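I've put the structures underneath this note.
The two complexes that follow have subunit A in common; it is paired with subunit B in the first and with subunit C in the second.
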Partner chain A sequence: MSIFEYNGSALVAMVGKNCFAIASDRRLGVQLQTIATDFQKIYQIHDRLFLGLSGLGTDAQTLYQRLVFRHKLYQLREERDMKPETFASLVSALLYEKRFGPYFCQPVIAGLGDEDKPFICTMDSIGAKELAKDFVVAGTASESLYGACEAMFKPDMEPEELFETVSQALLSSVDRDCLSGWGGHVYVVTPTEVKERMLKGRMD
Partner chain B sequence: MECVFGLVGNGFAVVVADTSAVHSILVHKPNEDKILLLDSHKLMGASGEPGDRVQFTEYIQKNMSLYQFRNGIPLTTAAAANFTRGELASALRKNPYHVNILLAGYDKDIGPSLYYLDYIATLHKVDKAAFGYGSYFSLAMMDRHYHSGMSLEEAIDLVDKCITEIRSRLVVAPPNFVIKIVDKDGAREYAWRETIKDAPIPSD
Partner chain C sequence: MSKLEFDVPAKGGFSFDLCKRNEMLMKKGVQPPSYRKTGTTIVGLIFQDGVILGADTRATEGPIVCDKNCEKIHYMAPNIYCCGAGTAADTEAVTDMVSSQLQLHRHHTGRESRVITALTLLKSHLFNYQGYVQAALVLGGVDVTGPHLHTIYPHGSTDTLPFATMGSGSLAAMAVFESKYHEGLTRDEGIKLVTEAICSGIFNDLGSGSNVDVCVITKGHKEYLRNHLLPNPRSYVSAKGFSFSKKTEVLLTKVTPLKEKVEIIQSGEAMEE
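Right after this comes the complex of A and B.
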């Protein structure tokens, strides 16, 4: 069994009209056994930047702690928040530092950049960035997520429609993956507010 | 097959562990205490590699005492759990400790809490948790009968149900268990559940 499939995860981020959504499943498992159904995989870095970490839970926690540390230091020095593009480069650099002993994580970064333009990207475990204009996916359910998102995505969706689309894509994909699921956690971010919602899907 | 499990009740947390010290097919000792009292209001139940278990848990216990000596106040349960995770995580890619830990504690303003910490340093705050082959039985029993805010009698009754299940369904089931609880009055041993007692030392 692959080390990336040890804990199980599903992550998706989607771009809408001056907004973005980032969603994850809630399962924490150890191979076939489910340990918890309220495990957090999406972290807020600052009020317009979110980081989702899929893959091995311990590395996701370590990476999150290192990135929060680096961002806090940046805030102290620059007296402002990091832009999403800059943060993505930071994550990529941190991951490539461990090129020959990597963190077993696939991050998804979503934020509002200059002029409230939504920015999303994902990268592999050694920091190869993949910028996309529509959606990015990660985790054990990524293949199902690619299909669901491709089918359901439309450009320039309003926040409410975006929420519905992301939720349906996430729930239908995790239902085909035994290692992810047990509900969903969706953040819809506009320039003025952040809406956090829990989804109830098939609780298995 | 080491069994450790625990749950959070109304104003207390309970941790149960088997007490067999096993080496291959030989039981060295039927009354090995695997739940360490970290400080006055914390319990650390550990399972895994015997040498690592004792060395690592004692190392954490001594470091916690040191913090208390230096700063005059004890660590909170969350701080202790995160410190332990940090030690496991930094050792993970050099010289990993093969120890799974259930950390239970009581804090004055927060109440009881239980933390699941596996050997690769995945940390999660939970209401009920279990490690080992016994977890297949004890987690299922707890999923069925657990509810939040259980009284001590109800919780011990559930613990006994889990122990009965492990004894009847696990092929190399450990015969003896120790139950420890932590509440506002501190961490202490509650009871032993023994079916095999060590032979008394003959007096000459």
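Right after this comes the complex of A and C.
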């Protein structure tokens, strides 16, 4: 049994026209038993930066707390929010520091950078960054998500179309994965607002 | 007063505090995670005016392609580039680290970096970690002493060669080099040969794929040809695209407007004492 299959997760982030969407499933399980159906996997770091953490739940929460600490220190020193590219480098450095005893997490970072240009990125558990221009996926359902996103993605989608695409990709992929699902949580971020939606999915 | 352990930024280097817990998990039968590798075909050759480096652009996580267009030719110095194969995090971290060390060295000495400096820094780091940092590199550049091409293996051994290949596709690429390489290649012949070698890796090795990146380094000048050749375009994309007739059911929606960033322009007179 792989350590990533202990809790189960599905995360996806997609780029649209001057906006991005980040979505996750809501299950927390202990191998094959579900113990929560409202587990938070996407965290907001600041107004325009979201972090999703898949993999082992305890490492995800610890890593999130360490990152929030570092970001708050940065805000105090620099008197501004961290850019998404900088944050991605910070996460990569924190993960690589533990190269020989890693955190069992795969982060997905999504944010609006300079001039409201969307930025998405994912990493493996030791910090190898993958910057994509279209979509990134992580979690136990990642293989299905790769397929679904590859087929459904179109460049330059408007926020409503992007939401529909991300939701369909997420729900169809988690339906084929036993360890993730129980609904979906989607954030669509544009320069003016953040729309958070809870999706109705199969509860099995 | 109790000793508080702060999460201050470490002085650098690796931290081993989670090792005990991970070992305990492994004893309980949990498999360690697989890391993103760069499968890869990376090549380098020396031509009459300098060095040409080439790489494919596929990054794999087990049998899945996680990145179809990643960059494997890393910048080390304005006149030195390095291709990396092996564990992606290791190649990126080790080349970034040596690149910053080279920049500090340039500031210190006021001179252009030499390829053997980068070579020595890389090999001593890799030897120090006895092969656990799995980075196999092809380092090439042109400095005051001329063009150089080296290969560095994960345990820290190096070779100095006129043409070199590394990665899972190295045998396919080496076959092309061995039959077609000769001394005194021109720039165009060199680029053509490198492209052919990488294509041989892309089409015959399962760990390599997608596009060809080429980097040409000559004295005082470098040219990074990102996606020089795209032999695998997506020709099957439907023009209609995906349309969803049945919309997703939403349970609840929460809209948070974002504050607009206000810029304060300093104006007005200074306060009177």
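FYI, the second predicted complex is superposed on the first by the 204 of 204 C-alpha atoms of A that agree within 3 Å, B and C clash if a C-alpha of one lies under 4 Å from a C-alpha of the other, contacts with A are read in each partner's own complex, and residues count from 1 in each chain.
The rule we apply is simple: a contact is a pair of C-beta atoms (placed from the backbone, for glycine too) under 8 Å apart; a residue touches a chain by one contact, two chains touch by 3 or more.
No experiment lies behind these values; they were computed from the predicted model shown.
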Contacts of A:101 with subunit B and subunit C, given as first, second, both or neither: both
Which of subunit B and subunit C A:194 touches, first, second, both or neither: second
First (subunit B), second (subunit C), both or neither touched by A:39: first
Which superposed partner A:85 touches (first subunit B, second subunit C, both, neither): neither
Subunit B versus subunit C as contact partner of A:175, first or second or both or neither: neither
Subunit A residues touched by each partner, larger count belonging to subunit B or subunit C: C
Which of subunit B and subunit C A:28 touches, first, second, both or neither: first
First (subunit B), second (subunit C), both or neither touched by A:132: second
Subunit B and subunit C contact sites that coincide on subunit A, given as residue numbers: 101
Interfacial residue positions of subunit B with respect to subunit A in the complex: 85, 89, 92-93, 116, 118, 120-124, 126, 129, 135-136, 139
Residues on subunit A engaged by subunit B in the complex (per definition of touch): 7, 28, 30, 33, 35-36, 39, 56-58, 61-62, 101
Parts of subunit C lying in touch with subunit A, wherever the complex brings them together: 7, 9-10, 13-22, 25, 29-33, 35-36, 59, 61, 64-67, 70, 87-90, 92-93, 132-133, 241-242, 244, 247-259
Residue ranges of subunit A in contact with subunit C within the complex: 1-4, 6, 47-48, 66, 69-70, 92, 95-104, 123-130, 132, 142-143, 146, 151-152, 154, 164-165, 167-168, 171, 183, 191-200
